[in-house]
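Each in C-alpha cells, the structures are laid out below.
Two complexes, one shared chain (chain A), two partners (chain B, chain C).
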Partner chain A sequence: MRHSIESTLHHFSHALSNALISEKIAARQTLLQKIDVRIRLIGTLLLLIAVVLSHTYRGILVLLAIALCLAILSGVSLFTLAKRVWTVVFLFTAVIAFPALVLTPGPPISSAFGHFQVTETGLRTAILLVLRVETAITITAVLVLSTPWNKLLLATRALGLPAEIVTILGMTHRYIFLLLETASQMFESRKSRTVGILHNADQRSGAGKTAAVLMMKTMDLGNDVYTAMIARGFSGEARILEEPRLRSRDFIALLAFASAAFFCFWIGR
Partner chain B sequence: MQVFQISAASFQYDGISAIRDLTLNISGGERTVLLGANGSGKSTLLRMLDGLCFPSHGSITAFGDPLTQHSLNNLEFNFNFRRRVGLVFQNPDAQLFNSTVFEEVAYSPLQLGWTREELHRRVEETLEFMGISHLRDRSPYRLSGGEKKRVAIASVIVLNPDVLLLDEPTATLDPRSTSQLVDLIQQWKGSTKTVITATQQLDIVEDIADRVLILKEGSLLADGTPSQILSNTQLLLTTNLIHAHRHTHGNVIHAHPHLHRHSHDEHEH
Partner chain C sequence: MHIPDGYLSPASCVTLYGLSSVSWYSALQRIKRNIASRTIPLISVFAAFTFVIMMFNLPLPGGTTGHATGVAIATIVLGPAASIIAVSIALALQALLFGDGGISTLGANTFNMAVVGSLVAYALYHAIAGSSEITSRRRILAAAVAGYLSCNAAALVAGFELGIQPTLYHDPSGAPLYAPYPLRIALPAIMIGHLTIAGLAEAVVTAGIVSYLQRADLGLFNHAQVALPAFPSKGSGASRLWLMVAVLALLTPLGVLAVGKAWGEWSASDFENQQARAEIARTSRQVEPPPTPSGIRKLSGLWTAPFPDYAPAFIKNPIFGYVLSAMFGVGVLASASAAVDRILRRKPKGELES
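Right after this comes the complex of A and B.
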C-alpha cells in the first residue's frame, strides 16, 4: 500500500493538473468557447431538462449524441470524458440501478441471482437510468470543461444568483489552489524530514497537525484578504463585473439549444 | 502640502507595542523609504497610513482630515481616501483575491462605481503600462512571484492614486524583477505622487528615495537623506540593517561591517 504522505501528495498534484487541463480546454477558440457563457449555461440547462423529461432510449441517445458532438467540436477529448466522467458515473449509477434489475415486476429473463430473477422491465429501467445519468453528466462536463470557472460563476448571475454568493464562490475557487499548494509544500516538508517508516497512528497524527496548521494559516490569510479588500475600496456591498452584451451568434446558439432540447423531448415522450 | 501628519501615535498588537509615540510629517510628492529590521513597525505604520488600523494614542491626519474609523465610515470620505491612497501588500496572495488578472485590476474601479467604459479603458491602459496584458485572463495562482507583484501594483495604480504605499515590494523578487520595479518607482520621481516604501534592501534606497526614515521597535530613530543615512555605518549596525562580515586572513579572523549597495559585485566593506 502506498505511503499515506505520498498518496496525499499524489492527490494534490492530481487535483492541480486536472484544473490546468480544464483551463487549457476552456482557453481554446472552438465551438462552445465562442458562445457567450450565459447562453452556454442556459442551453445546458435546457438539454438537461430534455434528458429528465425523455422516457425513451431514442430521445436520450440523441441527446448523448448531441453532447458528444459538442465535446468533439469544443476540443474536449472523449478520452478525458471517459476517464473523468463515464467510468466513475457508471460505477456509482450501476450500484443504484442494480436493485431495479431484480425488484421491478415483469417477464423474467434470468435467474442468475439466486432467488431473485432479472426481469425484462427491470433491465430496461436500469439501462435507462444509467444512460440518463451518463448523458446528463456528460452534458454538464462538456460545459464545465469548456468554460473558465470564473466566467461560469459570473454567468450564474443571469439565473438570479446574488452577487455576494458569486463573489464568495469565486474567492473560494481562487484560494483552493493556494491552499492545495500550501498543503502540498507542508506534506513535502514533512516527507523530506521523515526518517524511516512511520506507523499508521503517527501518520494520522502528522496529518492532523498539518490540517490544524493549515486551518490557522487559512484564518490568517482570510484576515489579510479582508484587509486588502477594505484597502481597495470594499465597503460591504459586493460588486462584480458586468458581462458583455449578447451578439447575434449567441441568439442563434440559444435557438439551436432550445430546438435540440425540444426535438429530443418530443421524440422521447 | 502635508499629505500625512502623525502626532505622538502609538499602536499595540495584543499588548505588544508596534508603534511608540511616533511623530512624523509626509509631504506631497516626497519619495520616502522606511528602513528597519523585522518587527520594527514598518508594515504597521503603512497600515495606519492606509486607514487599516488606528492609533490607540495620538492621531493621524490625511490630506488635512483626521484619519479615523469614524471618518472612514463616511462613504464619501472613504471613496475619496481609497481613490487617493493605495497600498501594495507584502504578500501578493492576500492582495490578489480575484479569479483573473483583469478582474483583479478592475476590482477597485468597480468598488468606486466607475462607468463600464471608463473601467475597461483604464484597466486595459494599466495592464499595458505594467506589461501584463498577456496575463489578463490568467488566474493569480498561475503567476510567478514577479508577475504577482506586478499585478498587485497594477491593481493599485489603476486608480492613479496620489499616494502609493509599498510594503517590501522587492521581497522574494529575482534581480531582474527587482530592477524593473525600481525603474517603475523611478518614473514617479519629480511627479506629484507621494511614494512611501518599506524595505530592508539598502541597495535600492538611493534609487527610490529622497528621504529615509529608520524605525526601531516602533520608534523613529533617524530621518535624513539617503546619503546621510547610508553613510552612517554605526546607525545601520545598531538597527540590524547591516551585519558584521567575518573572514579569515591566514589564522586571523577579521570582522567588519558589510553593506551591499548597487550590486554584489560593487559591495562596500
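Right after this comes the complex of A and C.
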C-alpha cells in the first residue's frame, strides 16, 4: 500500500496539474473561448438538463456528439478527455452499473454468469447509466477545461447567485491553491524528516496534527485577509465588477445551445 | 458520497436544490444579521480548508485508507450556519472545477453533506460535550461521535435518494432510468463503506483536530463562533420557519411527477384491477400478488379520508389539490401544536404570576 503521505501529496499535485492544464487550454483563442463565459455556463447547464431529461440512448448519443464537437472547437484534445475524464468515469460507473446487469428483473438474454443471468432490462439500464454519466461529465469537462476558472466563478452571478456567494466562491478558489501549497509543503517536510516505516497509528496521529496546524494557519490567513481587505476600504458589503455587455455572437451562441438542448430532449423523450 | 450527474432524476434534483436553497438562504440571512464584516474572508478560507481536508489520505485500522469531508470540524469551529455555506462552497468548487460530484446533483450533495452533515454534527457535539470544560476529554469524544455519525447520516440520506430512483423513475419496460438499485441494495451498499471506512476517517480527523487545538490554541474554539453565532437573534426564527414551510408546501406537487404507486401502498381495489396487479408484480420482482388479502378488504373501509390521494373531490387540478392538502395539513398540525402548547403552559392552581 502506498504511504499515506505520498498518496496525499499525489492528490495535491494532481489537483494543481489539473488547474494548470485548464489555464493553458483556456488561454487559446478558439471558437468557444470567444463566446462570453456566462453564455457558455448557461449553455452547459441547458445541455446538462437535456442529458438528465433524456430517457433514451438516441438523445444522449446526440448530446455526446455535441460535447465532442464543442471539445474540438475549444481546443480540448480528445486524448486529454479520454485520459482525464472518460477512463476514470467509465471505471467508476462501470463498477456501479455492472451488477445491474444481473440484479435488474427482466427477460433473460443468452449470456450467463454462473447462477446469474444477464437480463435485457439490466443491460439497457447499465448502458444508459454509463452513457448518461459519461456524457454529463464530458459536457462539464469541456466547459471547465476551456474557461479560466476565476471567470467561470464570476459568471455564476448570471445564475442569480448573491454577490456575497460569488465573492466567497472567488476567494475560496484563490485560497485553495495557497492552502494546497502550504499542506503540500507540510507533508513534504514531514516526509523528509521521516526515517524508517511509520505505523498506521502514527500516520493517523500525524495526519490529524497536520490538519489541525493547517486549520490554525487557515484562521490566521482569514484574519490577515480581513485586515488587508479593511485596509483597502472593505466595508462588509460584497461588490463585484460589472460584466461586459453581451455581443450579438453571444446571443447566437445562446440560441444554438438552447436549440441543441431542446432538440436532444425532444428526440430523447 | 458525491453523487455524480446522471444518477438522480430531474424531479429529485429540483427537489433537493429546493431544500438546499432554503437552507442556504436561511444560513446566509443568519450570518448576515450577526456579522462581522470578517464573515466573507473567514468562510472563504474555511471553505478552502474543507476542500483541502477532503484530499487528506488517512490510514485506518485494518490497513485501508479513507478521506474525511471536514464537515464536523467546520461545524464545531464555525457553527452550523457558516458550516453549511463553507461546505457547500467547497462542494460547488469540487463539482464545477474538479468534476467530483455533478452539477445537476449539486443540490443533493450539498443537502446531504453540508446541510444534514452540519446539523447532525452540531446537535451531537453539543449534546455530548454539554457544558464540559473546553479542555475536557469529553469534547474529543463528542467530536469523534459527531464526525462519525454526521458522515453516516449524510450517507444514509444519499443512499435513500439513490434507492428510491428505480421505484419512481423507469421506462415502460421497467428498466430504471437513473440509479439502478432499490433501497434494499442501495442502502447497505453505501452504508457498509461509510460505517467502516469513511465514518472512521471523519472521526479521526475531527477528534484529532479538536484534541490538538485543546493543547495548541484554545481561542480558536471561541474566535470564529463569536464572529458567526450559531443561533438567530430572538424572535426571528418563527418567520423563517413559516417561510420554509410555505416553500415546502408549494413543492408538494412534485409528487404528481411520480409514476405508479409507492411499493406497499396498494389499496384493496388495486388487487382486483388487472393493470394494477401487473404493476405490483413488476415492482415485486415478478412475484404475482395474491387475491385481495382479507385483512386489507375488511379494514380498507374503516376510514374514508377527506382528501383521498391528496386530491379533494371538488378539485379538478391535481397540482392545486396537492398544495391545498399541504396547507390543510400544516394548518391542522399548527392548531394541534398550539393547543398542546396552551395546555402545557397552563400554570398549576395557586401559583403566583412572577
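The criterion applied here is as follows: the second predicted complex is superposed on the first by the 250 of 269 C-alpha atoms of A that agree within 3 Å, B and C clash if a C-alpha of one lies under 4 Å from a C-alpha of the other, contacts with A are read in each partner's own complex, and residues count from 1 in each chain.
Throughout what follows, contacts are C-beta pairs under 8 Å (C-beta built on N, C-alpha and C of every residue); 3 or more make two chains touch, one makes a residue touch a chain.
A quick note: this is a predicted structure, and the numbers were derived from the prediction, not measured.
Touch criterion not met for A:S259: it reaches neither chain B nor chain C.
In the superposed pair of complexes, A:S17 makes contact with neither chain B nor chain C. Comparing chain B with chain C, the partner in contact with more residues of chain A is C.
In the superposition on chain A, contact of A:A27 is made with chain B only, not with chain C.
Contacts of A:T87 after superposition: neither chain B nor chain C is touched. Once the two complexes are laid over each other on the shared chain, residue contacts for A:I49 go to chain C alone; chain B is not touched.
By the touch criterion defined above, A:P148 lies against chain B but remains apart from chain C after alignment on the C-alpha atoms of chain A. Look at A:A100: by the touch rule set out above, it reaches chain C but stays clear of chain B.
Touch criterion not met for A:S77: it reaches neither chain B nor chain C. Look at A:M229: by the touch rule set out above, it reaches both chain B and chain C.
Counting contacts by the rule stated earlier, residues 149, 153, 171, 173, 175, 178, 221, 225, 229-230, 234-235 of chain A appear in both its interface with chain B and its interface with chain C.
By the touch criterion given at the top, residues 4-10, 13, 24, 28, 32, 35-49, 51-53, 55-61, 63, 65, 73, 77, 85, 89-90, 92-93, 95-99, 102-104, 171, 173-181, 185, 204-205, 207-209, 211-213, 216-217, 220, 223-224, 282, 285-286 of chain C touch chain A in their complex. Considering their complex, residues 47, 50, 52, 75, 78-79, 82-83, 86-87, 89, 91, 93-100, 103, 106-108, 110-113, 116, 137, 139-142, 155-156 of chain B touch chain A. Residues 20, 23, 27, 148-150, 153, 170-171, 173-175, 177-178, 181, 221, 224-225, 227-235, 239-242 of chain A are the ones that touch chain B when the two sit in their complex. The residues of chain A lying in touch with chain C in their complex are 1, 4, 7-8, 11-12, 15, 18-19, 22, 44-45, 48-49, 51-53, 55, 85, 89, 92-93, 97, 99-100, 103-106, 121-122, 124-126, 128-129, 132-133, 135-137, 140-141, 144, 149, 152-153, 162, 164-165, 167-169, 171-173, 175-176, 178-180, 183, 200, 203-205, 207-216, 218-219, 221-223, 225-226, 229-230, 234-236, 238.
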